[in-house]
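Both complexes below contain chain A, partnered by chain B and then by chain C.
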Partner chain A sequence: MATPPNSNMSPAEKAKAFDMAQLEMEYRVDLYNAMTASCFAKCMDTRYKEGDLNVGENSCVDRCAAKYWQVTGIVGQMLGGMQQQQQQPR
Partner chain B sequence: MVDGNDSNMRDQGSSASDPSSSSSSFQAANTGQFPVLKQKTYEPVVLPTPEQILAGQFWDSCPVKSVIAGALGGVMGALFGAAFGASDPSATTLAHTGEPLTLRQSVKAAFQPAAMRESVKHLRARSWSYAKGFGGFGMVYSGSECVIESVRAKHDVYNSAAAGCFTGASLAYQGGPKAMCFGCATVAAFSVLIDRFMDIH
Partner chain C sequence: MNPADLEGLPEEDKQKMVSMIDNMQMKDSLRMYNRLVEKCFKDCVDSFRRKNLDSNEERCVTKCCEKFLKHSARVSVRFAELNAGAEAMMQQQVLQQQQKGG
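Right after this comes the complex of A and B.
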């Protein structure tokens, strides 16, 4: 998470916080782009008969985004658990 | 090289956007370059506000869609009823004798005040019954198609087939199971045909 830069930190800490915030932002953008691309590929009819999303595409995108988000959360939790397990035996 | 090219392009852009500049200077600046026919303009992408998104979701929701389709069907049915109610066969026989009339007599009889009143009443009744029929059809069909499509999350011809089947069956509910099967098959076939004809999917 981005730490507010106006708090009284040393310059090294500040730089580290900014680096982390940048990494986080890049990760979020990557996640968003991957989700958009895969849900577009899954749901969109590429013949483009009409400008708006039709009902089927709408609910398909809805479910796709929800599932993607859920799976991302599960994978994140699993990775976090694995890290903890690896750290604890030492 | 890159710098000079860039400034050249910018010059072209400014002269193309200014209609008062002479075309000869434009062409002189354009020699040796690709012909620039028209400067492309791009509209900025405007994100919808939350209110706009909510309004879109409201108008795209299944109940609203089905009510709109029902209202449109009702208007169409009223017009149809008015068109067909005017050529009602019962107006061509005299009420008290039941004998068929000649064309001249029937026209004359039809323009009597009492007959006019009667025929207007008849027309309104028929128009209303047509409006109810068409409106109900539109409402049931549109609503069921919307629900089926949002559950299946696909936009293809099977939606129309299933919605037509449901509509035909539910409108023939009072005729028993056989009539329901028949209505299902016919309305499904009809709506698939219409979809193919209009090339929606």
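Right after this comes the complex of A and C.
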């Protein structure tokens, strides 16, 4: 997403790029963890009869991940739109 | 961000990025450990008449861990696919915009 630090940047720009890269990585890690937790809660049988995922659970996880991603996209768009509205002069 | 982004960097910057990534992975592993313990405890342990886990609870916790780890692995595969798909789409959009402007 953001421009990674590169050798053409001034030290100040590079420092900022590092910070952005770190922020972005943390965001992705959080996103992955939230997706994992949500889809586990939605798809897994908590009786834990088996250590393996059955076919139903596998499909559920795949679809859950896809839907979660779509929700992330929609929320991103809505937040972006709202921010634009707030920044426009009244 | 993928490993290829780090290629063009001077050594010192690359080291900085690598150590940042290592640090985050460490932190994330520790967090996952705690989360997994909490989850399996919540789902598997209900009675407190005895001090030790009985064999059912032990089996439940073991299966809970196995299941979660397998689930995590599957989600990470899908996550990588979705990520790659989104990046490809973005690159396509950038290309289209360039073609329009050019």
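Here is the rule we use: the second predicted complex is superposed on the first by the 83 of 90 C-alpha atoms of A that agree within 3 Å, B and C clash if a C-alpha of one lies under 4 Å from a C-alpha of the other, contacts with A are read in each partner's own complex, and residues count from 1 in each chain.
Following the convention adopted for this analysis, a contact is a pair of C-beta atoms (placed from the backbone, for glycine too) under 8 Å apart; a residue touches a chain by one contact, two chains touch by 3 or more.
Everything quoted here is computed from the prediction, not taken from an experiment.
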### Fit-or-clash call for chain B and chain C when the two complexes are aligned on chain A
fit
### Task
Have a look at where A:48 lands relative to chain B and chain C in the superposition and call it first, second, both or neither.
second
### Task
Could you say whether A:65 touches chain B, chain C, both of them, or neither, answering first, second, both or neither?
second
### Query
Which holds for A:56: it touches chain B only (first), chain C only (second), both, or neither?
first
### Query
Of the two partner chains, chain B (first) and chain C (second), which one does A:32 touch, if any: first, second, both, or neither?
second
### Task
Decide which partner touches more residues of chain A, taking chain B and chain C as the two options.
C
### Task
Quote the smallest CA-to-CA distance from chain B to chain C in the superposed model, rounded to whole Å.
7
### Query
Where on chain A do the contacts with chain B and the contacts with chain C coincide?
43, 49, 57-58
### Query
In their shared complex, at which residues does chain A touch chain B?
43, 45, 49, 54-60, 63
### Task
Please name which positions on chain A make contact with chain C in the complex.
1, 4-7, 14, 18, 21-22, 24-26, 28-29, 31-33, 35-37, 39-40, 43-44, 46, 48-53, 57-58, 61-62, 65-66, 69
### chain C - residues contacting chain A, complex
1, 5-6, 8-10, 13, 16-17, 20-21, 24, 28, 31-32, 35, 39, 43-44, 60, 62-64, 66-68, 70-72, 74-76, 78-79, 82-83, 86
### Message
So in the complex, the part of chain B that touches chain A is made up of which residues?
### Response
60, 62, 146, 149-156, 159, 200
